[in-house]
Every structure is written in C-alpha cells, then in structure tokens.
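Each of the two complexes below includes chain A, the first together with chain B, the second together with chain C.
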Partner chain A sequence: MGAFIVRRLLNYVVLVFIATSLAYLGAATAFHPKDQYLAKNPPTPAAVMYQELNERNGNPEKPVFERYAKWVDGVAHGDFGKTWQLDSVKKHFSISVWVTVRLVTVAAVLSAILGVLIGSFQAVRQYKFSDHSITFASYLIFAMPVFVLAPFLKLIAVQVNKAVGGDKPLLQYQGEIDPNATGFFGQLFSRADHLLLPTISLSLGLIAFYSRYQRGTMLDVMGSDFLRTARAKGLRKGRAILKHGVRTAVIPVMTLVTYSTITTFAGAIITERVFGWNGLGSWFTDSTRHADVNSVAMITLFSAVLVLIAGMLSDVITAVLDPRVRL
Partner chain B sequence: MSHPNDELLITDAAGRAETGVPLLSVRDLHVTFSSEAGDVRAVRGVSYDLHPGEVLGIVGESGSGKSVSSMAVLGLLPDNARVTGSVQLAGRELLGLSDRAMSKVRGKDIAMVFQDPLSALTPVFTVGDQIIEALTVHQNLGKEAARKRALELLDVVGIPDPQRRFKNFPHEFSGGMRQRVMIAMAIANDPKVILCDEPTTALDVTIQAQILEALKNAQALTGAAILMITHDLGVVAGFADKVTVMYAGRPVESGAVDEIYYRPRMPYTIGLLGSIPRLDESSEQRRPLTPIEGTPPSMVGLPDACPFVARCPIAVEVCHSSEPELLPAGPGSHPSACHRRADLAGGTIPVDGVFPVPKIPAAPLDALPRADRATVLEVKGLHKHFPLMRGAVFKRRVGTVRAVDGISFDIREGETLGLVGESGCGKTTTLMEILELVAPQAGSVAVFGREAANLSGRERMEMRKDIQVVFQDPMASLDPRMPVGEAIAEPLRTHGWSAEKSRARVEELLKLVGLEPYHAERFPREFSGGQRQRICVARALALNPKVVILDEPVSALDVSIQAGVINLLDELRAKLGLSYLFVAHDLSVVRHIADRVAVMYLGRIVEIGDVASVFRAPSHPYTQALLSAIPLPDPHKERERTRILLPGDLPSPANVPSGCRFRDRCFKYASLNAAEQEKCRDEDPMIVARPGREDHATACHFADALEVV
Partner chain C sequence: MSIPIIDSGQTPDVLGEGPAAPSVQGGRARLVWRRFRRNRLAMVGLVGLVLLFVFAFAGGHLTHWGPADNDFLNTQTGPSSDHFFGTDDAGHDMFAQTVSGMQKSLIIGLFVAALSTGTAGLLGTAAAYFGGWWDRAIVWLTDLFLVVPSLLMLIILSPYFQGSNWIILIPMIALFNWMITSRVVRGMTLTVREREFVRAARYMGVPSWTIIRRHILPNISSILIVDFTLNVGAAIITESFLSFLGFGIRTPDVSLGTVIDDGSNFASTDQWYLFVFPASFLVLLILCVNFMGDGLRDALDPNSTGGSAR
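This part shows the complex of A and B:
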C-alpha cells in the first residue's frame, strides 16, 4: 500500500505541473495587466507601471515563455510571485485558505452525514410520502443554482431579522465574525451565527446530491440476501439496516463524498462572494478582475493538488471500507 | 376452505404415527402480495406440523410458494405481503408479533440457511464477527467467550484452521465454505427449528454432499427439526422423513417420504418423478422422460379449478370446475389434492400410465458400430493456460491458470459425448477453445478431419456452419429486443441467405423444436424458460450443423421443463443425425442423454468411456466420489447408500498439485502405503485403457472399479 501511494504521488506531481503550467500560460496570454494601469485615472507614470509590472513578473514586453520560465524557477524555490497589490502570493494564500477551510469544513461533514442518512431513510421508506417529498425537494435544490440560493437565503435572513426585531440582527450574513464580539463564547456564537447561512447554502446542494446516490445504492442493498441473513439471525429491522445495510451501501457513495468535499474547498466561490468571506473563491474572482496571473496560477495549483488528493483519498477510503478491494 | 388434514395423522418413514405436541405448527397459511396486475396469491393454504428432530421436505418448482411460505414463518416478507393463518412455535402464535418480539425468535428458536451462500453474508464484515453477532444478539456473552464459541462453531461445521479463517472476509471463502458459515450461524443458539431454503442448489455435487452431511451433523448436535425446501427430489429422498409437494401456492400432496415416492397420488408428483433422469437406470431400462407439458398458472385471479388442470393428462370435467382439497384417497393413505386420487389409489389408472411416454425415433446411425462411424470432432492434447496477473498500476505475472491442461477426445457421427465436472474444472474453456476454431496454445482441434489451425478465414467461416452452440441461460443468450424469428434467422443472414429463404427456414425450425410459426414475431420475454431454450436450439440448428455443443443446456430450467428439452435434443439427434458435445455438471442428465462420458478434474480428463462402463464401474476415485455424491430420487436406495465424501474444495487451477492432481482429496491415496503414495506424488498418471475394456480409460495409478450408484 505504501509503495502504491508513493507511485501515485509521483504521477500526480507530473499532472499538477502540467495543469498549473497550462493555467499560467493561459492566464498570461489572456490577461493584460498593463491595460489596467493605463485605465487608471489618474494614470500611473510609465516608470512606476513598468517597475510594478516587472515586480509582478507581468511585463508584456517580455515574451510569455520567459515570464513562465521565471515563474517556474520561483515556484521551484518556494516563491510564488506577487499579487496585483504587490503582496506575496504565498502570504495571501496562507490567509485565504484558512478562511475557506473554516467556511467549508462544517458544511462538508454535515452534508456527508445528512446526505447518507436522508438517502438511507428514503430507501427504507421507498415510495412513501416522505420519500416522494424529499425527492421533490432534492430536485428543487438541483434546479436552483447557488447564485440564486445564496441571495435567497440572505433575503430570508433579512425578513427574519425584521420580524424578530431587537437592536442586533439575529441572523448574520456578512463576513466571518462580528469584530465587537468579546469573550470565548461570545466569539464562538458570533462565528456560528455567521457560519449558519453560508453553511446552509453550501450543504443543501451536497445533501441533495449525496442523498440521491445513497438512496440508489441503499435500494440495491435493501433487497440483498445478507440483509435478510442479518434479520434471520435476530437483528431488528432498524439495526440490521444500519449495521449491515448502510455500512455496505455507503462504500460507493464515500468515493463521491470524498471527491466533492475536497473540490468544494476550491469551489465555494459564489457562497464566499455573497456572504462576504475572503477565502480562496473571493480571491480568485478578485485576481481575474485585476489580471493577476500569479494568483490565478497559485489557486489553480492548489485546485489541481486538491483534485488529485481527492482522487487518491477516495481510492484509499474505498479500500479501507471495502475488504474486497485490493489496490 | 376447510382443512381436514388438520386432524390427520401422518406416518413417518418408519411407519410410526406422530404423537405429542408439534414444535412448529403451521395452519392454513396464506400469503398475498399486492401488485398492479392484482393480488398475487403466492401461498394459498399451507399447513404442516414439525416435530422435534424431524425433517420435513417441501418440494416444488420455482414460483410454487415454497420459499415464500418459509419466509412468512420467520416474518421476513416485505411490507406489501399480507399473511393470514396461524404459525405456532411450541404453542405460541408467531403471526402478528412485532418485529421486536419476532427478533427474539429469529436466530434463537428458528434459524435459517439460505440458498445462495455467495450473497448471504455481509461482504464488509469478517466471518468471525458475523458469527459472533449471531451469538451476542441472543446471548449475553463476553468478548472472549463469544470468540471461543464462534471458533467452536466453525470447527463443528468443518472449516479447517478456524483460528486463521475466523479473521477472513466472506469473499475469501468458497461457496461451500460460506454455506458452512451459514450453518454455523444457524446453529449458534441451539435453535429448535432450522429452515433450509435450497441450501445446496448453488453448489457443486461433491460440495452438496459435504453440506448435507454438515447439516445432518448440526441436527444431531442440536436435535433441531429441519424444514428442507428444495426442488431436488433426490436431496429430499435421503434427508427428509416427510414430504410436502407444493404447486401453485398449495400443498398438493403430503406424507411420509416412501409414500410420496413409491405411491404418489397426484399427477403433478407423478410427473415430477417421471421427468427426472435417473442415475441408477441401466442402459436397457432407459426410456424417454415424461415431461409435464405447459407451464404453472399465473397466481393472479386463479379460478376455482385444479391449478394443474391445464397440464394434467387425466383431467376430467370436475377438475375444471372445482379445486380439489387435500384429502386421503382412503384409509391408511396419505392426503393428495386430486379429484382422481381414488382412481390412482385403486389402480384404475396405473401410476406409470398417467403421463404418456413420448416416442423418440431410433437413430439409424445407432445400429452402426462406433468404429465404423466417421469422426466429426477430434481434440488432441488441448491446452489453455491463462496468465495470472496482479497489480493495478504495474501489472506483473504471478502465475499461470492451467484451465485446460492437455485433454484429448473424439466424437463420432451421431454420438453424444457428455463432458462432466465441477465448476472450475475447465469444461467451458474447452468449449470456447473448440468454438474459436483457431490453433490452440498446444494440441489440436480438428472438425471432420480438418485441423482448425490450418483454416483460412473463409474456410473457418464455412466450418462455423457445421459446429454450433447452445448456452446455459436461455434468457441471457437471446437479445431481449429482437423478435425470436430474427434471432433464429441471424445465423442464416450472416451466411448470406436471402430474407425470403430465411423466413421459410425459420418457420421450419420453429416447428422442428415444437413451437408454432407465428411465434417468430414475438419477443423472448413472452416465452417460458423451456420455450426460450427451444428457440436457442432452433437458432443453433439453423445452418444444419453436424456438431452441436451444448453448454449446460438444461441446468437453468425447472425439472418438469427440463425433461421436455432433453427429449427434444434426443429426438433431434435421431432425426438429423447430429453429434453432441454435452457439457453438464448434472451426471443424471448425462447418464440419460450421452453415449459416452468424459469426467474432467482440474483441466484434465480423468476418466472417459461409454456411459454404461463409466457409470456402472467407475474406476477413478474422483468419478466414484462424484457419482456417489449424487442423491437418488429413491428413498430406499438413498438410505442404503454410503457416500464417499471428498475433503476440501476443488484446488485452484493456478496451483495444481504435483504428480496426480487429485491426490490431496483422494480417499484412495490415504489408504495406500508409503511407496505407492510416492508414486501418486511424483508421477502424473496418464490416461490408459482399462484392461479388458474396449471403450473405458482412466488416469489413476491404482484404478479399480467400484460400484457406487
């Protein structure tokens, strides 16, 4: 198993390199950072502009491959270049990534658990009213893109706050934490409060997605002989389903859960924007707007790494959960 | 509907009338499923008593309601099933108990062994954990005590090296081993009743013999009563005390084993017994099987008539207008559900004469001695080895699977060669190698004296006309979206027949296999299993082949249907002068249909010869064990037979033992002295003719005939 993982990792390094290089070259060709300086009013003096462009390794006078070579050399030495605001990309990344982690973690865990439970529940009560209504709700969520869902949640929050009244709004929908919150519990509450709506926004889609899959795999298991064996041994229906059914049906779903969870870290763009979290998603939209090649390359690099980690993790998790799988 | 058999005393095999309180008493059990087509009445009034230590066999074909009735006893039917009647366990009513209360009964008082051991164990838990679970659900055992008891149980059911096997997952066990685990779980809490639902149907016959033995041991150990559900009349004959025959959701006959087998009083039972090929028939006694025509009725909206009426040759008017009750034909007779039971009991209708014996024409070629007939297929020293690969990223070869390891045989004109052996012995690989018509890895395949290796592409295409195949599963081998006429015409069209000519030929073929020309427009799903297999036969015969390869052609069919297909094959052989290579695991079928038989074990033929010689005087220990493992549908003979039980499973063809490949399971090897054993270990036995026999050869250093049937 160890050797297997090492081999896979080596493969991944090559893949990540190719993906990131393509992203860099694409962005470097498509972005025109010089135009952004020229569009400024008052315009930046040419000397300052070129100095800054050089500092960002984005001088259009230089051939793109020369810039690329310089960037690769920097990355190899741990230097990821400067952002459009002339900050260190590395520093900016290390701040944003934790914002995203704080945003996504709860949603990821919650949606995996709820998705699996709701899907199993639906399978057990197939074609009952509850099954139909959850299915209906799932499709409703599927049909609603995040950029509709998130503002919609915000709207609800505003109405709720209005209805509840009070001097401080009950539901928060902007940023990570109230800067005036004091004390451990005060801060904790404020964080939870701020997390509530974005978590719902991120989770709903995932729960709908997971539960559909879990329902399907669970239905296959419901009619299986081993579940009948478990009940013939004397296990009660609920316990047999939980222990023998869900445990077996969750294996294929876990592959999906691992993949989606990991990729959500790079894909919470809209939720971050709508609820004002300065995570990777917000950074990504900012940097494309400001023709920031280095930041885009960094985020692409991170996403590529995440996708590959997700692939490997889902394989490992499947192998751990399913004794029949041998790597 | 009244059930007068409630008061009947049924005598068991020894002729004792039962007394005392029954352990499990089922009365007037009905199970109805709601479906879109209407209510499906799967079980319509089943009653039986099971006394301590007794074995009751429930026999019936698929759809007869035998499994459903046992699931109803355990309360494991899906929610859309409506169950009425009464199920009492030692006087306590079980129907209507809550799941919580029923859970205390399941696995404790009533345990169950299911049909398919491959899917009956949860794949993600170790075998040990699953047995421990069966124990701890009902007993308050410590971790160590439970483990000890589980190890004991594994040992009891005959799993070697339980300490190590305990930690294995189900997929690391063979089918037979998994069934042993199921039995271990079933007897974990010393149940009063063990329900066995076709416990050996999915297993090879030598493994079936082992499992039946394990069940007998389990019964002896726990004193439990056993309810044995099966379609195999052979299994029941030797195992059960009483038998109930089910048809269309109802018991149609029930009584002591000997009564049912020797004095059947219901045409369905008579038909079933007449439709099974017998291993113990001699070639002189051989007569065509008597199939039961037609198919069982649909269980939706059954009219008040005998459900068997459409298939019954002795039906009279009353059979169409009222359903017969389960009543004895007279004093001292066992109950049967037939309006004509008195005629059957009184001898007005002779039991042998109920079903007309079909006439199968004699083949003109049969008169010609074998030596004078042309060889149609000759296989010499055929090998097929597969590389065994490991690793997902870097594939590497870790061994060789010796699927077929040097086999030779020939088939003469108009002859049937049966190729028998257990799963994994290389039967199917042999067929595929022959059908491919290319040069094998080693050895040769010749059709009509022409080497397959030397054929050009065009010649090979021509040769395919002469050698055709029928597969095991008639549903899977017909395209569900292609009308059967088109399916039958496909080989014709491939070989350049015009549409018009093909159509005429399809009509002819459909008639030949006993179907109607208008069936050509229909789709496979509109046919029953037996009819589908007839369609496959028609397709194989389309191009007038000389050799037909039959790969387990009847093993997916119910017994009563099977007989019709066997007779059809027999008839076609005689009419068309065909030669068959008949691959089967069922030796009774081979005994019935084949002229010669080849027994395969681990990629080799260990014994070959004419059917009479091989079956009457089997000389290889494996053939002897194989034949002795097959249960006969004859209670007297079954009770007198001693079985040769082989230890262990078929070894993997990737790991063939040195010398004689059968030696580590051979009972004879164990009885040899050291020098002789060395010979078995070091020397690979060649297949040599038996002294003084014309057509009988065997591959054993110490071959010796032994009568086992």
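This part shows the complex of A and C:
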C-alpha cells in the first residue's frame, strides 16, 4: 500500500512539473515583454529596459531554455521571480490567494451542501412537479455560463436598488468591501453585502452540477435492500433516508465536489473580473496582458498542485466514507 | 417509458426475434429516431437548433447593417425598426453583430466538437485495443492534459493566435478538450475488445484498424455521438469565455463572446437590453444543444440512468 501511494504521488509530481514547465515555456515564447516596453510613450531608455527585463528574467536576447533553467533553479530555492511591476511574485501571490479564498470559500461550502440536499430531495420525489421544475432550472443554469450569469446578476441588482431607492444602494456589486464602512458589524455587513452576488454567480452552476449527480446516485440507492431494512427495523422515513440513503449516495459525488471546489479557485476569473475582486483570476489576466511570464507560471503551478491535491483528497474521502474501499 | 424492445440495440441480429421483428427492418437508426421523437425536450432542442442555424446564416438578410458597420448618427440607441436590438456606443448594430457572432460560434462549436471527439475516439480505442506501451503512453498523455489547467493554458497561448486568422482557435480549443471522452472511450473499448466477435475477427487475421473500424467503433458509437453533441455546446462556451476576456476572437471579427462582452458593459445601465439580447441567444443555443444531447443519450442507450451532468 505504501509503495502504491508513493508511486502515485511521484507520478503526480512529475505531471505537475511537466505541466508547469509547458506553461512557462508556452508563456515565455508567446509573450513579448520587450514589445510592451517599446510601445510605451514616452519610451523607456534602452539601458533601463534591458535592466528591467533582466530583473524579470525576460530578456529576449537570452535563449528560452536559459531563462527556463534560471527560473527552475529559482523555484527550487523558493524564489518565484518578479512581476511586471518588479514586485516579488511570492508577495503578490500571498495577497491575491487570500482574496480568492475569501471569495470562493462560502460559495464552495454552500454549493456542496445545497447541491447534495436538492439532489436527494429530487430523488425522493422523483417525477413529481418539484423534481421536474428543478431539473428544468438546472438545464437553464447549465446553459448560462458565468460570463452571462454574472452581468445578469449585476443587472438585477441595479434594478432592485432602483426599486428600493434610498441614498445608499442596497446590493453591492463592485469590490470586496466599502472603504467607508466603520465598526466591526458595519464592516462585516459590508463584506457580506459585497459577497452576496459573486457567491450566487459562483455557486448556482455548482449546485446544479452536484444536484444532478446526487439525484442519479440517490435514485440507485432508493430502491436498495438496506434502505428497506432500515425502514423495517423502525426508522422514520426521513431519518432512514438521511442516515442510510444520502450517506451512501454522497460518496461518488464527493469526488466531484473536491475536484470542482479546487478548480473553482483558478476558475473564478470571470466572477473576479465582473465584480471587481483582485484575486488570482484578475492577476492572471492582468499578467497575460502585461506579458508577465513569472506570474503566469506561478498561478499555473498553483492550480496544477491543486488538481494534484484534489486527486489525492478525493481518494482519501472515498476511503473514509466507503467501508468497501481498502487502500 | 415503454418497455424497450431491444435492450441495447447493439446486437439486433441476435435479439431481434419475437415481437420486435417487423420494426427491426428499418434498422437501428429508425429505432433510435423513434425513441428520440418520443422525447419532447429532445425534439424542442432539435427544432430550436435548426431554427437557430437558419437564423444565424440567413438572419443577416433581414437588416442592411453589417456587423462591422458603424451608424454614427444613432449610437447607444434602443431597439427600433432600423436597429432591431439597438446599437452600442460605437454605433454597431447589435442585431447584425449577434447574427454574425452566432455564425462564428456555431462554426467553431461544430468543428471543435468534430475534432476533439475524433481525437478522443482515435486515442481511446488505440490505447485500449493495442494495450502495452501504446496504452501506457496514451493514458499518461491524457493524465498530463488533465493536470494542465486548460483554460489558463488557452489564455497563455492566446498571443499566438491574436494576429492570425480566427480559424486557429478551432485546433487550439480542441487540443484541450479531448481527455475525458478519451478516458471513457478507452474504458468501453477494453470491454468490447474481449467480446467473442472481436476475438474471432482477430484470430481470422483481420487487420487491427479494420477491426477497430468495423467492430469496435460501431459498438461505442453512441457515446461518440452524444459526446459530439454536448461538445458543441462546451466548445461554444469555451470560445465565448476566451472572447469575453479579450483573448479569443478580436475585432473586426465578432463571436457571441465579443458581443456579450460588449453588451455586458451596459448590463448595469438603463440600456441593459444591449446585453440581454445577445446573451439570451447564447443561452438558447446551449439549451437546445444540451436538450438534444440528452435526448440522443436516452435514445441511443435507454439503459443509462441519470448520472449525466448536463
């Protein structure tokens, strides 16, 4: 068992290394930081330009593989290079990642719980009106990518604010917190207010996704013998379904939840942009626009590591929840 | 649902006796079509898709404005008899832009789906059928592409296709879209490979690629067809995602993504319809594709239960 885990981990590490290297080499050949300096007005003096390019390890006169080797060496020693504004990538990362964590955490937890509950509810009431209408709603949500949903939520917020009136808008849709908010509760309220719309925009799709799966797995469980036994020994219906039905049906869904939660960290690009949060997603698109190879490589490395963790984590969760699994 | 007459439809010549005999003469296609037609949502999807296609390729004739024309006398106006969907701040006719954008999105969706499903079918069957080093290499490649965050990678590589023709988006999106299908196809091929008729063919000396073409592909065709349909929707979303962020199609070319991006600037203003019109066409399009894909899945494989995400 130990050998199996080690081999698997080793394989993952190699995959992450190759994936990040591909991203670095792709970015290093696709981006042209020098052109951005040349396009500036007034122009940067050549000496300063080359000095900055060297500092960013992006001097196009050096061969790509030399830059790559230097970058790998730096990463091995914990140095991730400089951003396009000559900040430390590490420092920028440690700020941005928390913005994204604050954005994603509530949505991730909420959508996992709601998705599982709604899916189970649908399975219990299969082919009833509620089941059909929830299914239809999830079709509609699947057809609404985030870049449609997020501006649409903004549209609704504006109309709601207009209908409610008042001197201060009720629903906030820009940034993380109102800088004028004072007091602990004032700030807390402002944060929650700013979080509401992005959370909806992130979690609706996930809820629809999870509930679809949960409904499927739950339907398989609903007809099973052990559920009938649980009822026969005198458990009430709700309790039997919750303790014996949902718990069994949730196992395959948990894999999905781990993967989706973790990929949401890198996938919140649109939500961050539309609602003006300066997290990893905004940083990624900004770095691409400014031909910043180091930042882009860092974010790709982070998200590849997350996928790796998701893979390991979902194995562990399955092992914990499912008594049939022996590692 | 009524009782399925032939349980999988994959081996009609074996199970085709009994009450099913008269209906089998039309073959599997007719059976699938009958099942498909019974599904109301699937038919809505099919009809809707046909109408949207007609709209995308003939709708341009309804207006004399082109997608790149600017009407400087009417900028940021509401829907009128001249500009059905209004105009944006540069005087672009939103109707002409939506029609033209949908055209491009549909073309990209269809070709990406064909390319990625084709690749997935090829690699998945090859991995499972040949086994050994082939299998290990292809599975490893699949794993690698799954670890590489595909949307981030597409954005990173976007400078490559910004100066050039938008056609290059098709292979780029397909490159990051084949992995999951390939895994499923590999799994299915592994079971089909051990069936008697495949073994018999192999022992008779039929060449490998002929076996794959004649015996394996028809047996996994249902997943490929369904996957193709759903991939059309997924590809359209990916392309629009890139274009929305400004990393996909660029002016003067338009796609639904660029039009929605343009319109989304007005979502929080009084001219919200500039966003709602193009966005609702995208939603309709994806909705129809998904209805049709799920209908096809039910028709081709009536035994499959839920589990489907889309």
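Throughout what follows, the second predicted complex is superposed on the first by the 316 of 327 C-alpha atoms of A that agree within 3 Å, B and C clash if a C-alpha of one lies under 4 Å from a C-alpha of the other, contacts with A are read in each partner's own complex, and residues count from 1 in each chain.
Just so it is clear, a contact is a pair of C-beta atoms (placed from the backbone, for glycine too) under 8 Å apart; a residue touches a chain by one contact, two chains touch by 3 or more.
Every value quoted in this text rests on a predicted model; they were computed, and no experiment measured them.
Colleague: With the two structures laid over each other on chain A, which partner does A:288 touch: chain B (first), chain C (second), both, or neither?
Modeller: Only chain C; A:288 stays clear of chain B.
Colleague: After the superposition on A, what does A:232 contact: first (chain B), second (chain C), both or neither?
Modeller: Touch status of A:232: first partner only.
Colleague: Where does A:18 make contact in the superposed view: on chain B (first), on chain C (second), on both, or on neither?
Modeller: second
Colleague: Considering only the touch criterion stated at the top, classify A:132 as touching first (chain B), second (chain C), both, or neither.
Modeller: After superposition on chain A, A:132 lies in contact with neither partner.
Colleague: I'd like to know which partner A:224 touches here: chain B for first, chain C for second, both or neither.
Modeller: A:224 contacts chain B only, not chain C.
Colleague: Going by the touch definition up top, name the partner, chain B or chain C, that contacts more of chain A.
Modeller: Per-residue touch count on chain A favours C.
Colleague: Could you tell me if A:248 is touching chain B, chain C, both of them or neither one (first, second, both, neither)?
Modeller: The answer is first: A:248 touches chain B but not chain C.
Colleague: Given the touch rule stated above, what does A:7 touch, chain B (first), chain C (second), both, or neither?
Modeller: Touch partner of A:7: chain B, not chain C.
Colleague: What is the shared patch of chain A, the residues that chain B and chain C both contact?
Modeller: none
Colleague: Spell out the part of chain B that touches chain A in their complex, as residue ranges.
Modeller: 74, 76, 99-100, 103-108, 111-112, 114, 116, 119-126, 133-134, 137-138, 169, 171, 182, 185, 189, 392-394
Colleague: Can you check the complex and tell me which residues of chain A touch chain B?
Modeller: 4, 7-8, 224-226, 228-237, 244, 247-248, 251, 321-324, 327
Colleague: Across the complex, what residues on chain C touch chain A?
Modeller: 143-144, 146-149, 151-153, 155-160, 233, 237, 240-241, 244-245, 247, 257, 260-261, 263-264, 267-269, 272, 275-276, 279, 282-287, 290-291, 305-310
Colleague: So in the complex, which bits of chain A are touching chain C?
Modeller: Residue positions touching the partner: 11-12, 15-16, 18-19, 22-23, 26-27, 30-32, 139-140, 142-145, 147-148, 151-152, 154-155, 157-159, 173, 209, 212-213, 215-217, 219-220, 263, 266-267, 269-270, 273-274, 284-285, 288, 291, 296, 299-300, 303-304, 307-308.
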